[in-house]
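Encoded as structure tokens, here's the structure I'll be asking about.
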Amino acid sequence: TVDPVNRARVGDESDVHTGPMRIAMITHGDDGGFWSIVRNGAQDAAATLPEVTLDYQGSAGDAKLQSEMIKAALNQGADALAVSAPDIGAITSALAEAEAAGIPIITLNSGSDLLETLPNVITHVGQSERAAGVGAGTRLAEGGATRALCILHEENNIGLQERCAGAADGMTENGGEVINVQVTGKADPRSTALEIGAAMQAQSPDTVLTLDPDIAMAALKEVTTRDVTLATFDISPDVLDEVAAGSIEFAVDQQPYLQGYLPVSFLELAVRNRNEVGANSIVATGPSFVTQENAASIAALSDQGTR
Amino acid sequence: MTGTTPSAAARPGRDSPGDMYLRLEDVGKTFGSVVALEGVSMSVNHGRITCVLGDNGAGKSTLIKILSGVHKNDSGTMFVGGQPTVFESPSDARDAGIATVFQDLATIPLMSVWRNFFLGREPQTGWGPFRRMDIARGKEICREELTLFGIDLRDPDQPIGTMSGGERQAVAIARAVYFGAEVVILDEPTSALGVKQSGRVLKFVKDARDRGIGVVLITHNPHHAYMVGDEFVLLTRGKMTNRWLKEDVELDELIAAMAGGAELADLAHELDS
Amino acid sequence: MTGTTPSAAARPGRDSPGDMYLRLEDVGKTFGSVVALEGVSMSVNHGRITCVLGDNGAGKSTLIKILSGVHKNDSGTMFVGGQPTVFESPSDARDAGIATVFQDLATIPLMSVWRNFFLGREPQTGWGPFRRMDIARGKEICREELTLFGIDLRDPDQPIGTMSGGERQAVAIARAVYFGAEVVILDEPTSALGVKQSGRVLKFVKDARDRGIGVVLITHNPHHAYMVGDEFVLLTRGKMTNRWLKEDVELDELIAAMAGGAELADLAHELDS
Amino acid sequence: MATTAPAPTQPDERIRHTPLWRRMLVRPSVGALIAAIVVFLFFSAMDTTGTFNSPTGVTSWMSVSASYGIMACAVALLMISGEVDLSSGVMTGSTGLLLGLLISEAGMGFWPALAIVVVFAICIGLLNGLLVTWTRLPSFIVTLATMFVLLGVNSGVTQAITGQVRVGGIDRATGYSAAQWVFGSRLDSSWPLTVSVGWWLLAILLGTWVLQRTRQGNWIYAVGGDKNAARNVGVPVRRTKVSMFVTVSLAAALVGTINAVELTSVSAGQGTGYEFYYIIAAVVGGTLMTGGAGSVVGASLGALILGMTTLGIQYAGWDSTWRFTFFGLILFGAVMLNIWVRDRAGGSST
Amino acid sequence: MATTAPAPTQPDERIRHTPLWRRMLVRPSVGALIAAIVVFLFFSAMDTTGTFNSPTGVTSWMSVSASYGIMACAVALLMISGEVDLSSGVMTGSTGLLLGLLISEAGMGFWPALAIVVVFAICIGLLNGLLVTWTRLPSFIVTLATMFVLLGVNSGVTQAITGQVRVGGIDRATGYSAAQWVFGSRLDSSWPLTVSVGWWLLAILLGTWVLQRTRQGNWIYAVGGDKNAARNVGVPVRRTKVSMFVTVSLAAALVGTINAVELTSVSAGQGTGYEFYYIIAAVVGGTLMTGGAGSVVGASLGALILGMTTLGIQYAGWDSTWRFTFFGLILFGAVMLNIWVRDRAGGSST
């Protein structure tokens, strides 16, 4: 357990934290592929650091629950806090408590706006979903795409909406268009594949953009039987194989491992060594594009769950 | 129901001494392809006991379910106090002063005895938002009424589903007698009752008649029927096949009609041998 | 059950002419705080009709539920063919050759008549993976057996829930009589039956006795009881309070005992006045 | 063998004496209470940091329990009347979103917006109830259809109007500070219980009063116990059921409003899937799935168990990948304990 | 007024003649058939590209319907026996994941791995069934607990073993080509029906045979219709129910295997929430939520309606943000139509 008297206080110069420390990482993530890599990153970082305990919790998109989880972590004496904040308003009161406790905060994946509003937020680690979307859209348009389907595999997920909106921006700037298609998603990949096929039949696009590697793999069969380009967000071993084989045009990688690893090591440095990374701006983990050229080189890493 | 109120001025039945309250004319009822009742005409009069007799499956329960608003007749007309009436639901019939003991008793197994007794007509107390059931009074009345029927209640809070078949039937009868205003309909009320309890029920039926209430009694027991009935109606395979006044019929005749004549004699012979 | 088979060598009852098949010794049963049965001893013999009589709530149904494996007795012992036995479930009792007609009939409302008739003992045909119910034969037997009880079935596929109360009861009785091997237990079998059907049932009870089957009959009708019973057992408030052989008792005595003596006389008087 | 008939004197010899504690334990809500205490002690023991049973810890799981609990009270009433409402979870989102849209997009004040939300909730409740009673379809399927429709409407309308999947800025409404006091305040900083716990207590008191003391409560039990029998003795079955559907919708509006005020923003997916937690809470608390039996207190204890478990897993520092497994095991343990207590106390029953 | 008793001669005057088509329409599965036809015609009309009713279109939605359908058959049997299984959806994921892990991590051949999966499915079915029958808890709550446990195990075990939430490489198993032929092949390229449709047909035939012709079927109806009455006449209630739980688990294993073979990879979230679609399919097809009535053919028609709707919305090119709304409306329309057909044909019933 942590001695509450010995807790780090940002701006309190008198005592520097020594001994065991506790870092809480409370995300809105679920148990999906992406968040499992974030988590792997965070755990690996904590493992390399002496006397650091990591408290990782995902709230599966339930903002109220996330808010309570943050408060619970603070109650347990967290010395530093990493949060993802797709819904900033919902966790305001919880973050205010963190402010009051005077502990350093880093946002990851989403919530970069907090950097301006909360003094204790050191930096944001992640990519702007919108920017990544624009990047993907532009790249597709440059490759000759004029009409793309953007496949939403979850309802009401702000990040996915941003990606599609960004892609639409990128495409329309170059004279193309993007149609959003909502599908069943990971609960039934077979049905999802057929739905994508049906949507292609109905909309006749020349490009399909998926937002998840599993969905990309599901769409693959449908895409290859027609003359349509496939690109995706995020990577998995299977997707890397396909990118290397050329059946997937490219994958937008936001390097989730970094989004877990970096906040933990940054926070440890902030607590123990008073380091502040990023100079009040974000630390970008993406977008990085995986194409046929570099796919093979990261395939082995992806198998380990770190890419 | 189409707004009828019982009226003493309703036209009297052709051959009945009391006021005619309920009258059926040429009433029929089918369930899918099953013809359960066809062309039945009868009347229920204040201060008279009408016994409906008939074989199993003859349509007796169907008939009284029409009288009590559970089923709607497909053909023919029902008159209440002289007005053609259609009961939309049992609560319409109840509002017209008709209380019924159904063959399946219509009790809620998981609810306590006293709650079942008062269901739909709970005694209330208090006012405004504090209006509530008068539980103490309810339990007391329930216990008293059941004692009159020879049921010595252990605890009015016992779930009625754990009572014996006869105890349950007694509760249903006590309830109908307590609330019945114009007409009380009893579908085989004594079927599960002991000798003593049956006697009590028959006595109550007579008392009700004497208070001017119309009674419809369904029974398979010719002794019971003959003991209390003023008028007898015989249903056979969904049709009304006979009708007697008490004055015009002997017990033996009644038994023979209920059992289908000759057949029973054979049986009695065989049993005695 | 603990592997007993009916045996003709079971020790005979003290005062009964047939083989003793079932015997209860000092049996009791409580439900939570309710004492339903206490210290009851009786026996059921091959080729004899034992009538269990008693007021409503006396514990008759509880007693036969112990005999048929629905409830387990809390105290005392049950002997089947001389062996102390505990029925774990009704199918144990059935396997010991005991068929029961329950007061609530134990029929499945949504299932057809013939399926209810054979439930648990379906006639089968074919072999291996093609083993199936013999539907045609089942329907035929069902129709025949019911005709014997005076029920003229419209259609063996009719859901039993849409039949009249008496028709349903007849199905339950016909089923027990058809399948009963050693003992048939009937809980108020004639309560919902017409005069004709009641006669038929009583006749069948006698026939079963004559074929050497033991019969337990519960009834509130003293006439019925006296007509067929060989032995009478009276339960009062959960305890066994009296026991007669047919030879030793008159109908009037029986009626008085069932009704609680003097009280009934008053009632008859009141009713006649 | 023959004995003489006993004289019918008091006390009744057909009743065995049962000690008070035994009679208490047979009540399903007492079983739930014991289960809740066991879960509390369990997580207090598991929590290495000692916060689970500290004022802040208690406050946080009480706050989580409160929104389960308010709904569980209403859902228990509906279930006792023999129906379920699968749209109840999504309705907490729909009402919150509507409130947010009226405030941020239509520029309405908080209280007028709330009035519209209440009317909306009553309409949805009536819709569910009337469809169920008119069509005689199972409520499972009718309210599932409503749930799907609302789910689509939530994201469709929100996206069409705001271009996002979220509505914010509820704290900018006129009248927000009063609203904040009514729906979102806290007791004080050392014992920061949210006001939602107060609403929950109110729901428990009201629900218990209605169920145990009023004729409406009698009817709720009756229509759930045997619809036909209730109808045959003149209970207004349709009206009773419809009013329970409306009650659930209103409770959803309350929870939606509390969430909206506390969080100041509402996301379109809020509440999705929560209908099952409400049903679980009610069943853990002894409400029969088939209707006719149950209590509001029991359902609230069920909600408390859910709330404690949700946060307890985190306090215990268990691997959150397995959280559903823990959740399932504790849920099962709680129900088993409840049954076991009842069976022990009730004596033999078969 | 008095007439003479009619002579009891044939034909029975107590039966009114009813035309054959009327008697047909009263059967719930015929109502579902009409609903399915209407949904088919509706989406054929809505589809702008004319593919919905083309061979490829039909193939697509038949293939989607097949996995709903296989499960719906088993779930209908279970529901007729009076129980539900909320773990059935997650079980399709669990069995697929187990198959994948055995193949890719333990290096087993396809068929040995499948054998282990079948044993696993039987165990889970037994667990559900025995817990429900022993504890006499509602199956809703028991299988919900199982569902939560499996949900956690799915992601926990997969992550612990593979470091990911997905298992791939099923096509690298020895014996995969035969497996591909049995579970994942297609008819031919012009009419590319998947073999899963064949499995579905098999499930329908088998289910109907058992339900209508065997004593086991008789018992299934009986235990669902009235458990106590069935027990009292000697039906082995416990055995019948447990075997239905096992049937559902085995069907889930079949669907899990089909998915795994077709897609060659399985992700941990697969099947989550699908239990409700299976129940919906059964209910749309006329199965009673309370048990005792229903048919496998009806449930399959319900599954067909779900499958057609899922893809029909895409073919119609509707704004898919609203897809749940459409889904809810069509679901409701289908059930209403079913009821309406039956009421029309059956004549007055109250």
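In this document, chain identifiers A, B, C, D and E correspond to the written order of the chains, with residue numbering beginning at 1 in each.
We take it that a residue touches a chain if its C-beta (ideal position, glycine included) is under 8 Å from a C-beta of that chain, and two chains touch if they have at least 3 such contacts.
All values reported here derive from a predicted model rather than from experimental measurement.
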Chain-touch separation of subunit A and subunit B, in steps, is 2
Using only Cα atoms to place each chain's centre, name the chain farthest from subunit D. C
Have a look at where subunit B meets subunit C and say same if over half of the interface residue numbers show up on both copies, different if under half do. same
Centre-to-centre distance between subunit E and subunit D (centres being mean Cα positions), rounded to whole Å: 30
What is the distance in Å between the mean C-alpha positions of subunit B and subunit C? 28
In whole angstrom, how far does the Cα centroid of subunit A sit from the Cα centroid of subunit C? 73
I'd like the Å distance between the centres of subunit C and subunit D, where a centre is the mean of that chain's Cα atoms. 47
Give me the residues of subunit E that touch two or more other chains. 14-15, 155, 159, 273, 321, 323-324
For subunit A, residues contacting two or more additional chains: 31, 155
Subunit C touches at least 2 other chains through residues 31, 34, 104, 154
Counting only contacts in the complex, subunit E reaches subunit A at residues 47-49, 51, 56-57, 60-61, 63-64, 67, 89, 155, 159, 162-166, 168, 259, 262-263, 265, 267-274, 310-311, 314-317, 320-321, 323-324
Quick check: in the complex, which residue numbers of subunit D touch subunit B? 8, 12, 14-15, 209, 213-215, 218-219, 221-222, 225-226, 228-236, 292-293
So in the complex, which bits of subunit B are touching subunit C? 31, 34, 54-58, 60-61, 103-104, 150-151, 154, 158, 162-167, 169-170, 188, 191-200, 202-203, 206, 220-222, 227-228, 255, 258-260, 263-264, 267-268, 270-271
Note which residues of subunit A are touching subunit E in the complex, please. 30-33, 36, 40, 152, 155, 180-184, 186-191, 193-195, 197-199, 201-203, 214, 217-218, 236-238, 304-305
Listed in rising order, the residues of subunit D that touch subunit E in the complex are 135-138, 140-142, 144-153, 155-156, 159, 273, 276, 279-280, 283-284, 288-290, 319, 321-329, 331-332, 335-336, 339
